[in-house]
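Read from first to last, the chains carry the letters A, B, C and D; within each, the first residue is number 1.
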Amino acid sequence: MKALVNLQVVPMGTGVSVSKYVAACEQVLAEAGLHYVLHANGTNIEGEWDTVFAAVHRCHEVVHEMGAPRVQTFISVGTRVDKEQSLQDKIDSVSRVRND
Amino acid sequence: MKALVNLQVVPMGTGVSVSKYVAACEQVLAEAGLHYVLHANGTNIEGEWDTVFAAVHRCHEVVHEMGAPRVQTFISVGTRVDKEQSLQDKIDSVSRVRND
Amino acid sequence: MKALVNLQVVPMGTGVSVSKYVAACEQVLAEAGLHYVLHANGTNIEGEWDTVFAAVHRCHEVVHEMGAPRVQTFISVGTRVDKEQSLQDKIDSVSRVRND
Amino acid sequence: MKALVNLQVVPMGTGVSVSKYVAACEQVLAEAGLHYVLHANGTNIEGEWDTVFAAVHRCHEVVHEMGAPRVQTFISVGTRVDKEQSLQDKIDSVSRVRND
């Protein structure tokens, strides 16, 4: 099943900056061959469910290995069986309504 | 890696009531042998990462099979490497502070 | 408008323990006269939209005052116009399906 | 207090398409004078806490007025007192790490 996911990883018990952890998770997503788009409050990911969640699991491991003792992650995941939809399709469909 | 998860499944393109879908996902969690606790805005789950997320995947499949064309799910997942912690430990640790 | 909310506050740039911050936010909710129920991954809150979100705002201020330089909070908020529903109603409606 | 927010509105008890509701909420944000950026899984918003959450409240009202009997919304909100940060700053800080 294809999943469209928003991933926001919050390292705890470490400094205030999260950018190095976000960049490390991006690297994990790239190595998994996933399509992803960074935004200001997370990373949107498109891919097969199992591939996506194996990468999110690996991301937690990496953030722990980088020194964060605790990680709290927020995931929004959408699946649908009525039609195929990509991350870009979702943005395009709002643009169409907006310009009606 | 052990994960403490809050799962909130939102079926879309169907009626307003979500209780039958929540009950079906509980059944999936029970069959996976996971420890879970229902609350008013989701279900808390405790277990090995892969077991938990395989069950969440299966829950999406079941909700689609029950007729929901689209499912949007919100997951909060915490992992930590500094100590073992259960769902109950998290509640107990707030209680201790509260009663200081 | 009445809102049913799940609130999960994650202090950043501080230690791994969040219990004292959660207890302080509970105190804010109590002072606002809101009905709330702690669970393992957050606090469920029931009340008028504006009262709830004013309390969440105050909770951020308090957590900063306690020393957390950064706070990331996850909120799930539900409203409905078809019927009145309490936090307990949501749990009861799953129980009814479960026991059918 | 300035807040950086991700907003994902999920109308329930209505059709599968959410684009018209997302576009209506964008209109609310624009009328509130807020800076916002649509992405595939929500809308990022930057502004004063009270202005942002008054707009989110108004968005719920509008989505109900458009016919959705139930709305479930997911919000990630970050505040910090150590430095000023914009939505773009967050993206830029990951880019800098990525290109090191």
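Keep in mind that, in the parts below, contacts are C-beta pairs under 8 Å (C-beta built on N, C-alpha and C of every residue); 3 or more make two chains touch, one makes a residue touch a chain.
Keep in mind the model is a prediction, meaning the values are calculated, not measured.
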Between subunit A and its twin subunit D, rotation from the CA superposition, multiple of 5 degrees: 180
Geometric centre distance via CA averages, subunit D-subunit A, whole Å: 17
For subunit C paired with subunit D, centre-to-centre distance based on mean C-alpha positions, whole Å: 19
Chain centre separation in whole Å, for subunit D relative to subunit B (CA means): 25
Multi-chain contact residues (two or more partners), subunit D: 8, 13, 16, 69-70, 72, 74, 76, 78, 80, 82
Graph class of chain-chain contacts, one of line, ring, star, complete, other: complete
Subunit C contact footprint on subunit D (complex, rising order): 1, 13, 49-50, 53, 57, 60-61, 64, 69-82
Subunit A-facing residues of subunit C, complex: 8, 10-16, 18, 69-70, 72, 74
In the complex, subunit D residues that touch subunit A: 4-6, 8, 16-17, 19-20, 22-23, 26, 37-42, 44, 74, 76, 78, 80, 82, 87-88, 90-91, 93-94, 96-98
